[in-house]
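The data blocks that follow each hold one structure.
Two complexes, one shared chain (chain A), two partners (chain B, chain C).
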Partner chain A sequence: MKLRRLKAIAVKEVLQIWRDPRSLMIALLLPFTQMFLLGYGVNLDLKHLPVCTFDREGSQLSQDLFKHFQASQYFTIARNVQSYSQVVAAIDNADCSIAIVVPPDFSERLNDSGTASVQAIIDATDDNTANIAFGYAAAVVNGFSNDVQVSWIDRQGRPLQQVQPMVVQSRVWFNEDLESRNFIIPGLVAAIMALVGAQLTSLTISREWERGTMELLISTPVRPSELMIGKLIPYLVLGWLDAAFCLAIAALWFGVPYRGTLFALFVTTSLFLFVVLSIGYLLSVLIRSQVGASQIALLATMLPTMLLSGYIFPIDQMPPVIRDITYLIYARYYVTIVKDLFLKGSSIVELATPILFLIVYATAVMVLAAHAFRKRLD
Partner chain B sequence: MFARIIPIVIKEFIELKRDKWARFRLIVPTLVQMLLFGYAATYEVYHVSTVVLDLDHSQESRELLSRFSFSNRFDVVKVAQSQHDVTEAIDRSAAAVGLVIHAGFAELLDKGQSAPLQVVVDGTNSNTALIALGYVNTIAAGFAHDYAADLAERTLGVHGMRQVKVTLEQRPWFNEDLNGQWFFVPGLIGTLTLVIIVNLTAFAIVREREVGTLEQIMVSPIRPVEFILGKTVPFFLIGLGEVALIVAVAILWFQVPFVGNPLVLLLGTALFLLSTMALGLLISTLCMTQQQAFSMNFFVLNPFFILSGFSFPISSMPKVLQWMTYANPLRYYLVVIRGTFLKGIGMSVLWPQLAAMAAIAVVLLAASILRFRKSLE
Partner chain C sequence: MNAREPGEPQIIAEELIKRFGTFVAVDHVNFRIGRGEIMGFLGPNGAGKSTIIRILCGLLRPSAGRALVAGIDVAADPERVRERIGYMSQKFSLYRDLNVEENLRFFGGIYRVPHNELADRMRFAIDMAGLRGREKALVSTLAGGWQQRLALGCAVLHRPPILFLDEPTSGVEPASRRRFWDLIHTLAADGVSVLVSTHYMDEAEYCHRAALINQGRLIAVGSPEELKHTALGGELLLLEGDSLGPTLAALTDAPGVLDCSVFGNALHVLVRDAARSLTELPALLEQKGLRPTRVEPIRASLEDVFVQLIAIDMAQRRQAA
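Entry: the complex of A and B
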């Protein structure tokens, strides 16, 4: 490997990038806009769910219950309806995400038997939202139930007794307020970088084939490894700029706490960028047409990165077969690394496993790319 | 007009037929992705890895912990000997939940005082943590309730103390078991189709431009409208085939119920295909090289995917982003798919979604035709 030839390739590639300002603009603007757009879009926290109330009793007690719902930050009473068919319509049209129905004999039952129930109807097509909303609704009803109990004991003139024999004291670590943004945004950085990286390099070789300039390159004394490294260097710099943008926006703009060291971030990000760029390069070597290369790159990176990297859906909840497949998704390792660096402040030693996987990945892809390219020249 | 559209359609099909790889690329990755993602995309929480520490060693503490190990929501992966073990297990992500019962738990319970169950949750994934905490509370409440009932019976007799309690009856409609696959598998139909179709059409014109065949078409008597329409017809047919394939997998393999009207879904699919093809064609007319078209694809598809309601509820987004989702055809299509699959709602509820997709299709198609005409001059 000669430095002079390496430099020549790198300079040529830089010129090529520089003279296509539209592509360069996209490469720089893409992560920037995506971070802003998606950073606000990725949010699983539920607040102010519109509630539809159907009060079949119309008593003081039922009104008290609705006041509890209105007071909770998770619910807002959107409308009061008078019939069951209106409840159905409100849920069908998605005007309300939850309907609370108080039965006509609510107070009576509570007085006679001591227990009464209210109905919560939820559009459960989105099972996750439904599950969380049920949890919040149960908490509101529970609070209401305790109030009723206390006032009931009060009226009986009895001393206040211990109601709850056991309490759960829960503490949440690493993401104390359970804000979904804090765990999704670091993952988003990883996902965006996986996508941007692949698209930066995936056309670089197929373009040379399609335009006929590959013949020129082959006739020069440049070696395959020099061509690869030379072509990757400018993109590595570009990738680093993008990554720095994304990470800065995550920490400074969205205020996700960063608890790790900058050194660890630098090392792991460089490694990840190298993997991503060389995968784009490998695809580019393997597939001669630009359309083919881009289609495969898009199919191979976009949705798998989104769905299988653990950035949205937790990997440990997937079936074992799928879990094994996620080891192939290189973004998965960087998602783990960035999340842990941000929220847990892990050190390089603690991140040894994902780092090791990335190194293995990088080596394998490089060997494959060099091999594939050599074959092409025959 | 049709006399000139048909040759373009035939030309596109011949091009597709000569590309051996194209058929493979259209069918195999779609099937593989559908199967993979159908299993991967879920927020359901089962078998949370749990570390337990019992410093009380009483019958009560064992009873409480056994309720956790018998639940399919929690898997006890480690029995810790000290508080330090618990901390370490959570730090190293060996466990996501730690349950600690301190010495004196049974004694406090017996005295009728509040006995604490300490829970430590790794909140890195806030959604999983939130749901797991909900299950912890349910199990703990069940234990507390049984213990209180037991105690009341032993000390005061059945009628001794009256509990006043209001409970919540949960009525999840359309998805009684809160099955995550029922939500995400129909969503995948729209998402996969969006990616495939935009990717196919985005290269349709720019490739001709780059390869140089656009010049030949320009000298022929064909008009821009005819050219664009001729380009859309084959992709429309391919898109319908793809959707049929994915819907079949959703119904036959994943057993997602389809309770609605297939014709409404067909109409929604047609409008969705038109609007996504129009989007792809617009990208194609805006770009000079395939590289640019490719970057634009990424630029556009990612936000369309995230801001559609596929996995992140639109109602949780800031207002500005909520307005932006109105320009996203996937947003409407997801409502149509989920509505027809799970809810069985028809035209009377879904017509605004269909009208919105039609409007997007018309606007984008007109824009790409105008843009194409201009780039010819």
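Entry: the complex of A and C
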């Protein structure tokens, strides 16, 4: 490999990027906008679920129950209705995702037998939300029944004695607030870089074929490896700008705590950029049309990255076969790395395994791309 | 021209064949090009000129046969060949979004022209292309003739002993074409071997030797003079008259007539002996009631020769088929 040729190619590539301000703007703005769109769009926390109440009793007790719902951060009472048909309408129109119905004999049964039930009607079109909503509702009702019990004991005139045989004292690590955003945003950075990185380089070889400059280029003594490295260097810089944007937005705008070292971030991000840029380059080598290469790059990176990288869906909860497949998804290693760097503040040594995988991946793809490039027309 | 030496030929093609599927693009082609020699490839579009050049540049692998450039087998070691050649592809292939200087500097880097020589060589290329004062102009803004001369400048920046120019003058205005050929001659005078293709028949006159290519085969090779005198294998008569159709039919089987073809509003008749046919043919036509207004020997232009040769070649192919 000759440095002189590397330099010539890199300089030429920089000039071409510079002379095409539209593509440059897209390359710089795309991650920016995606970061904001997806950063706000993806939120797995269920808060302030709209509740529809149907109080068939209208007693002090029933109103107390609803106050418990209102006080919880998970629910907001959106509607008070007077009939079942109105309950159905509220759920059908998706005005409310859960309805709580208090029976007419609620207080009476509670006083007589010491136990009463309320009805929860849940919109389960999204089963995940439904499960969580049900859990929260049960917790609210439990809390309310505790209060009722305590006041009942109180009224019996017995000395108040907390009966709590066992309690769990939990401490949450790394994401203390249990904010899903803290867990999603670092992964989002990885996902966006996987998409944008492959896009950046997917045009670089196909453009030369389409513009007819490739025929002359391959008649020169330039080596495939020189061409590849020379072309990747400017995009590495561009990719770094994009990554810096995304990481800064994650830490400064979304306030995700960053606990790792900048050095570790630099090393791992560079490594990841090498992987994604050379994937885009490989596609560009294999597919000689710009449109084709960029479409394939999008298809080949988007779905696997979104679904299988562990960015949203935890890998250890996937079926074993799918879990094995995720080892091929290069984004998963960087998702792991970025999450750990942000939330755990892991060191490079602790991240050795995903880093090693990325090194293997980068080497394999680059060797493949250099070999796939043929200095021939047939 | 004094740089032309016999010695070892710089380019050798031996029984070169290139097939694309069942289509034979290059069919048993043989030729040699010496040092400082300008060899022209002429022929209609799709004749196989570009394919042969691409094989010699190592861009296409020959299906059979051997190509030696600068004494190196192209198929075996294309990279060593590429260091010794300059190439202008048929389609313009410099970077249009780079300026004149940036293109030259890029190719200077690719060919690793020594740093201390690069400035001189770039100045030489810019002067040669007549682009002084336009060094910072984007290539896309240059007219066709300038673009082609710059492409030539890029191709010779590393002083290759061998140049492949694929239709360098196509789409270039006549005055610029003339100037381009002057440049080629200057380079050849310095000992550069040049293989240049063109579909302008008149440009064959600028070559030391020209090869006529039709449907993948070399159907004639020689200096322009040789081609004009001997390639036809006979002499040409021009014949004008009213009823060309019947005249053509009458002449086709006439004794001494080798070939006959319509050329504008006249007939070109290829005969074994012009003097004899000049007296025989009018008499023969007279018998059939045909009176040509004019019959006279003509000196064939290269274009006549090529049209004639291609017509003969086509006829032979049809017969063979």
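Please note the rule applied: the second predicted complex is superposed on the first by the 369 of 378 C-alpha atoms of A that agree within 3 Å, B and C clash if a C-alpha of one lies under 4 Å from a C-alpha of the other, contacts with A are read in each partner's own complex, and residues count from 1 in each chain.
Basically, contacts are C-beta pairs under 8 Å (C-beta built on N, C-alpha and C of every residue); 3 or more make two chains touch, one makes a residue touch a chain.
Computed from a predicted model, the values in this text were never measured in an experiment.
Aligning the two structures on chain A places chain B and chain C side by side, free of any clash. After overlaying the two complexes on the shared chain, residue contacts for A:372 are found with neither chain B nor chain C.
Within the superposed three-chain model, A:267 lies out of touch with both chain B and chain C [touch as defined at top].
In the superposed model, A:28 lies in contact with neither chain B nor chain C. Look at A:251: by the touch rule set out above, it reaches neither chain B nor chain C.
Within the superposed three-chain model, A:173 lies in touch with chain B and out of touch with chain C [touch as defined at top]. Shared-chain residue A:359: touches no atom of chain B or chain C. Of the two partner chains, both chain B and chain C are touched by A:20.
Within the superposed three-chain model, A:307 lies in touch with chain B and out of touch with chain C [touch as defined at top].
With both structures placed on the common chain, the touch criterion links A:97 to chain B but leaves chain C unconnected.
Note on chain A: of its two partners chain C and chain B, the one contacting more of its residues is B. Of all Cα pairs linking chain B with chain C in the superposition, the shortest spans 14 Å. Once the two complexes are overlaid on chain A, the chain A residues touched by chain B in the first and by chain C in the second are 20.
By the touch criterion given at the top, residues 20, 54, 57-61, 78-79, 82-83, 85, 87-89, 91-98, 102, 105-112 of chain C touch chain A in their complex.
Touching chain C in their complex are the following residues of chain A: 2, 4-5, 7-9, 11-12, 15-16, 19-20, 211-222, 375-378. Interface residues of chain B facing chain A in the complex, by the touch rule stated above, are 21, 25, 29, 33, 36-37, 39-47, 49, 90-92, 96, 109, 112-131, 133-134, 136-137, 140, 143-144, 147-148, 151, 161-176, 178-180, 182-183, 191-192, 195, 199, 203, 207, 210, 288-299, 301-303, 305-307, 311-313, 315-318, 320-321, 324, 335, 338, 342-343, 345, 349. Interface residues of chain A, counted against chain B in their complex, comprise 20, 22-23, 26-27, 30, 33-34, 37-38, 40-47, 49, 65, 91-94, 97, 110, 114-132, 134-135, 137-138, 141, 144-145, 148-149, 152, 161-162, 164-176, 178-180, 182-183, 192, 195-196, 199, 202-203, 207, 210, 290-292, 294-299, 302-304, 306-308, 312-314, 316-319, 321-322, 325-326, 339-340, 343-344, 350.
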